[in-house]
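Below you will find the structure I want to go over with you.
Residue numbering begins at 1 within each chain, and the chains themselves are lettered A, B, C and D in the order written.
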Amino acid sequence: MKKILNSAADYVDEMLAGLVAAHPEYYRLHGDSGKVVARAREGTRGKVGIVTGGGSGHLPVFTGYVGGGLLDACAIGDVFSSPSAEQMADAIRSADQGAGVLRLYGNYGGDILNFDMAGDLVEFDEITCTTVLLTDDIASAPPEEHEKRRGVAGMVYAFKMAGAAAEDGRDLEAVTAIAQKAADSCRSIGVALSSCTVPQAGKPTFEIADDEIEMGMGIHGEPGIWRGKLRTADEIATEMMERLLADIPLAGGDRVSIMVNSLGATPPEELYILYNEVKAALEATGATIVMPLVGRYATSMEMAGVSFTLCKLDEELETLLTAPCDCAFWRV
Amino acid sequence: MGLDRSALLGAIERLHEKMPTHFDTLNAADGKLGDGDLGITMTRGMAEITAVRDDLPEDLGLAMLKCSQAFTKSSGSSYGTLMALGMMAIAKQIKGQTAVEPSELTALVAVARDQIQTRGKAEIGGKTVLDSLDAIAKQTMGMVDLEDIRTAAVVAVDEALAAFRDKPATMGRARMFGEKSIGLDDPGMLAMKFIVYAIAGRSV
Amino acid sequence: MKKILNSAADYVDEMLAGLVAAHPEYYRLHGDSGKVVARAREGTRGKVGIVTGGGSGHLPVFTGYVGGGLLDACAIGDVFSSPSAEQMADAIRSADQGAGVLRLYGNYGGDILNFDMAGDLVEFDEITCTTVLLTDDIASAPPEEHEKRRGVAGMVYAFKMAGAAAEDGRDLEAVTAIAQKAADSCRSIGVALSSCTVPQAGKPTFEIADDEIEMGMGIHGEPGIWRGKLRTADEIATEMMERLLADIPLAGGDRVSIMVNSLGATPPEELYILYNEVKAALEATGATIVMPLVGRYATSMEMAGVSFTLCKLDEELETLLTAPCDCAFWRV
Amino acid sequence: MGLDRSALLGAIERLHEKMPTHFDTLNAADGKLGDGDLGITMTRGMAEITAVRDDLPEDLGLAMLKCSQAFTKSSGSSYGTLMALGMMAIAKQIKGQTAVEPSELTALVAVARDQIQTRGKAEIGGKTVLDSLDAIAKQTMGMVDLEDIRTAAVVAVDEALAAFRDKPATMGRARMFGEKSIGLDDPGMLAMKFIVYAIAGRSV
C-alpha cells in the first residue's frame, strides 16, 4: 500500500486533526468522538442546521463542505464506512440552533440506519429533524427505481443550494424542500480508471487492467455498466453525456450547471480536455451552462477517473447556486 | 445450567481470538460484493467489546447493552449497526437477568432478527444476515439442551449459506451486483457463521 | 498510458481550450500560438505586468495563477517543456500596460534561454523587462550553489506576493524587488511516490518500486537525495522539515507560511496527516504559522508525492500574502 | 560544387525520415539524464521544418532562418532553442548566398557553437552538444572536399560521445545526476550524432 500515513487505524483521526489544525478559521472538532466536524464559529440562533455524514476518503466530501453558506456539521466515519449513530447525533446537536436540522446525505444502507438511529437519539433533545437523500448516480439503478440510486457528487449541489437557503433564513420545511428539489435535479455518472486502497484493507479495493476502464463504477468500486478498453476523452465524454441526457432531457432555454469531477488522481488537465466535449454536448441541446464546476469536488482518495454531474436549474436553484459560500475547499 | 456473565465473556474471548483468522476472508468476501470492509468492522467491533469486557456487569441485559454500544463506537458500518440493533433488542429482553436458560435462546435470536428487519427494511429471503438469524431461530426452536442448540445453530448458519449462495443479492451494496452475486456467499451471512461457530466453541 | 485524452499531440491545446471555456471570467487565449493565457479582462493602464511560463502538466502552475492579484499572462509549453520565445514575447506584450513587465519563472535552462530571447524580441516593442528566477528546491543544489537550484512550488508564493504588489500600484523596480525577496524567502523539498507519464512519451517518466519513495526528487522526475523504502508520514515530514529548517533556520518570533502540496495523485487526506508533524516541527522553533496552504498548488499531473515549501515572512511579505487574489484555482 | 537549397532539402528529408527510428532512443537517453523529451523535441522540430520545406527560399540564409523559426515554433525545449540559436547564427552568416562551399562549413559550425555557448552559458568540455560541435569544427578544419568533411564530421561526433561518456554532466537537467551521469551518453550529443549522420547520408 503506497500511501503516506502513520497507521491505518489512525488514518481518519490524524486526517481530521490536520484538517482542523490547518484551517481553524473554518473547522473545529465537536464532541468526544473526534469524528464530528463543525463550523469554527457557533451558528446564528434560529438558523436551520444542515448536517451530513458518511465515510472518510472523499475529501472535500463530506467534512470539507462545512462552512458558511454550506453545512453546519458533519459526522465522519472510517474510510468508506458510516460514522456511528452517536456521532451523527452529536453532529445534529451541534448544528441545531432551535430551528431544526436537515439531514442531507447519500443513499447508503449504513448511513441510513445510523442517521435514523441518530434521529431517535436526538428526539430526547427535542430537535426536529428532516431527511433528504441524494440518489444522483444513474448507473446504480434504472430510472423506475431511482429511489434506490446511490448518492455521489450531486450532493455538492445539494449542500450548496440548501446551505444558501438556510443562510438566507428560510425555515426547516423550506430548506428541506430546496434540498429535495436540488437532489431531484441532479444526475451523475462516473468512470473509473484505477482503484484506490482503503488504508485498513491495505490492498486495492478492486483490480482493473492497465488498459481498461469501468463505466458507471461507484466511488467505492461498486460495479458499473461495462468494463472495456480505455477510449478517447471525446468518446468517454460523449457516452457519459448521452447517458445523463437520456435520464434528464434538456431543451432550448434550459439552464444547467455541470460538474466535471476528478475522482482523485486524474489531473485537472484531463478534466479540461473532457470539458470541451461536455460543453458541446450540453450546448447541442440548446441549454445554457451556468457556473460549470471543474475540479476535485468529491473523490475516492487516489482513485483515477471522473464523474459528471448535471444539475438542471430553475431560477431559485440558480440564485442559491451562485450565492456566496466559503469553506477551505470551495469559495463562491 | 443457565448462561451467565462468564459464559458471555468466554464467547467474546473465543470470537475475538478468531478475528485475525477471519479478517482477510471477510474483507475479501465483502470486497467481491461490497466495499471490502467487513473484516475491519468485525475486528474493530470485537476489539471494542474486548476493551470493555472487564467492566461488563452481571446483569446480562446491561452487559449486552454495553456490548452493543461498544460494537458501534468507532464505526457505523451496516453490519456493525445491524448487530448493535440486534444486541440492543436482546438487551431489552433480558434486562435484570444474571442468567439465561438455553431454552430462551431461540426467542432472543428471533427478537434480534425482528429488530434488524424493522430497521434495515430487508425481507427474509433476501440473502442477508437476516436469513442466517432466521435459520438459527427455526432450527433451534423448542430445544432445551445447550449442546443440541449449539449443534443446531452451527448447522443452521451453514445450511443458510448453502441455501442462499446461488440466489442473487437484494440488499445493501451487494444488490448492485445483481446476477454476479449468484454463487457468492453473502458476507454478512459468512460473518454470522463465524460468530456462531465461535460462540458455540466449534472451530471453522 | 492510462490517461483521458484524445491525442498526445493535442493534449495541451485541448487542455487550454477547456480551461478558457470553463472559466471565461478568468482566462482568455491571447495571440496566434494558442499557448498564451491572459487575464479575461484587459489590465489597468500603468500597472506593472507579471508574466510567467514553463511546461504544461503542473496545474494550477503556471496558467492557473493568471488572475487578479496574481499574474497577468503566461506562456505555456508542451508537457514539461518550455514554451517558445515567441510565445513568451506574446505573453509579455499582452501583460504590458506601459509600466514594464516582470518575468517571474523557475530556474530551468530551457525557460531561461527562451525568456532571454523573448526579451530580445520585445525590445522592439519598447517594453522594459526584469527577471526574477525561482530557485527554491533545496534538493537540487547545495546552499553554496543556491543560484543553481530549480524553481518549484515556491513560485506560488512569489506569484502571490509580486501580484499583490503590482495590484497595489507599485512600480517595476519595487515589484521586482518584492518578487526577489519572496524568491529568497522560499525553500522547498519534495518526495515522490510514483511517476507520471508525459502524454507524448507514452510511458512513465521514471520507474520506482511499489514500496519505494525518492526524497528530493524533482517535479519532472529529476533524481533526489535518496531512494528507499516508504516510511511513515511522521518520519517523512520530520526529515523534510529538518532539511528545510537546516537551509533556512527559524527562531522564536519568526512568522512563516508553509505549503503542504500534493504533486497530483496524493489525496488531501494524506496532506492533512502530514500537516500535524509539519506544524509541530515549525512550532518547535518558536515560529508562528501564517496562512498554511494545504492542497494542490503545483503538481506533475498524476504523480504521487508531496512537497513542502517554507516561506519566511516579514511584515511586507505577510501583508502581500494575505491580500486578496482571485483565479479559478485559488482565492484569498 | 557548392551546397544549395536542394542539398539542404535532401538533408532535411533524410533526418526527418530517421526520426521514428530515433524517437525512443532519444527519449530514453534523455529519460536517464533529464525529462525524457528529446525524441519529442527532435521529431516535432523536424516535422515543423518539413512542413515549411516547400516554402524555403533559394537564399540559404533566409532558408536557415525559416528552419530556425520552424524548429522552435511549437516548443521551447533547451535543445530546440539551442539548435534554433545555432541555425540563426548560421543564417546571419550566409544571408544572400544561394550556395555554400564545403570549405566554409567548418566556420559555420563554429559560428553556431559560439552562439550556443554565448546564450547557453555552458563551457566547452561540459559534456553538452557544444562538445560535439566543437569536435566537428576541429576535425573538419581546413578541409575542402565534401566527402572528407562528411567522414570527419561523423568521426567527430562519435569520438566526442566516446570521449565524454565517462565524464560527469555539468549543464542542464543532467547536471543534477552528477556522478550517476558517468557512463551515460549526453542526450544532446547523441542527437547531434544522429543529425550529422543524416546530413552526411550515413546510416547509424
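By definition in this document, a contact is a pair of C-beta atoms (placed from the backbone, for glycine too) under 8 Å apart; a residue touches a chain by one contact, two chains touch by 3 or more.
Here the structure is a predicted model, which means the values were calculated and not measured.
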Chains touching both chain A and chain B, listed by label: none
Cα-centroid distance, chain A relative to chain C, in whole angstrom: 30
Euclidean distance of C-alpha centroids - chain C vs chain D, Å: 32
Centre-of-Cα separation between chain D and chain A, whole angstrom: 55
Where chain B and chain D are represented by their mean Cα positions, the distance between them in whole Å: 75
In chain D, residues with contacts to at least two other chains: none
Multi-chain contact residues (two or more partners), chain C: none
Topology of the chain contact graph, where touching chains are joined (line, ring, star, complete, other): line
Complete list of chain pairs which touch one another: A-B, A-C, C-D
Complex interface listing, chain A residues touching chain C: 2-7, 11, 14-19, 21-23, 56-57, 59-60, 64, 193-194, 210-211, 230, 232-234, 236, 260, 264-276, 279, 292, 294-296, 299, 301-302, 304, 306, 329, 331
Sites on chain C touched by chain D in the complex: 77-78, 80-88, 108-111, 113-114, 116-117, 140, 148, 198, 200-201, 205-206, 218, 220-223
Residue ranges of chain D in contact with chain C within the complex: 27, 31, 34-37, 39-41, 69, 72-78, 81-82, 85, 119-120, 171-173, 175-177, 180
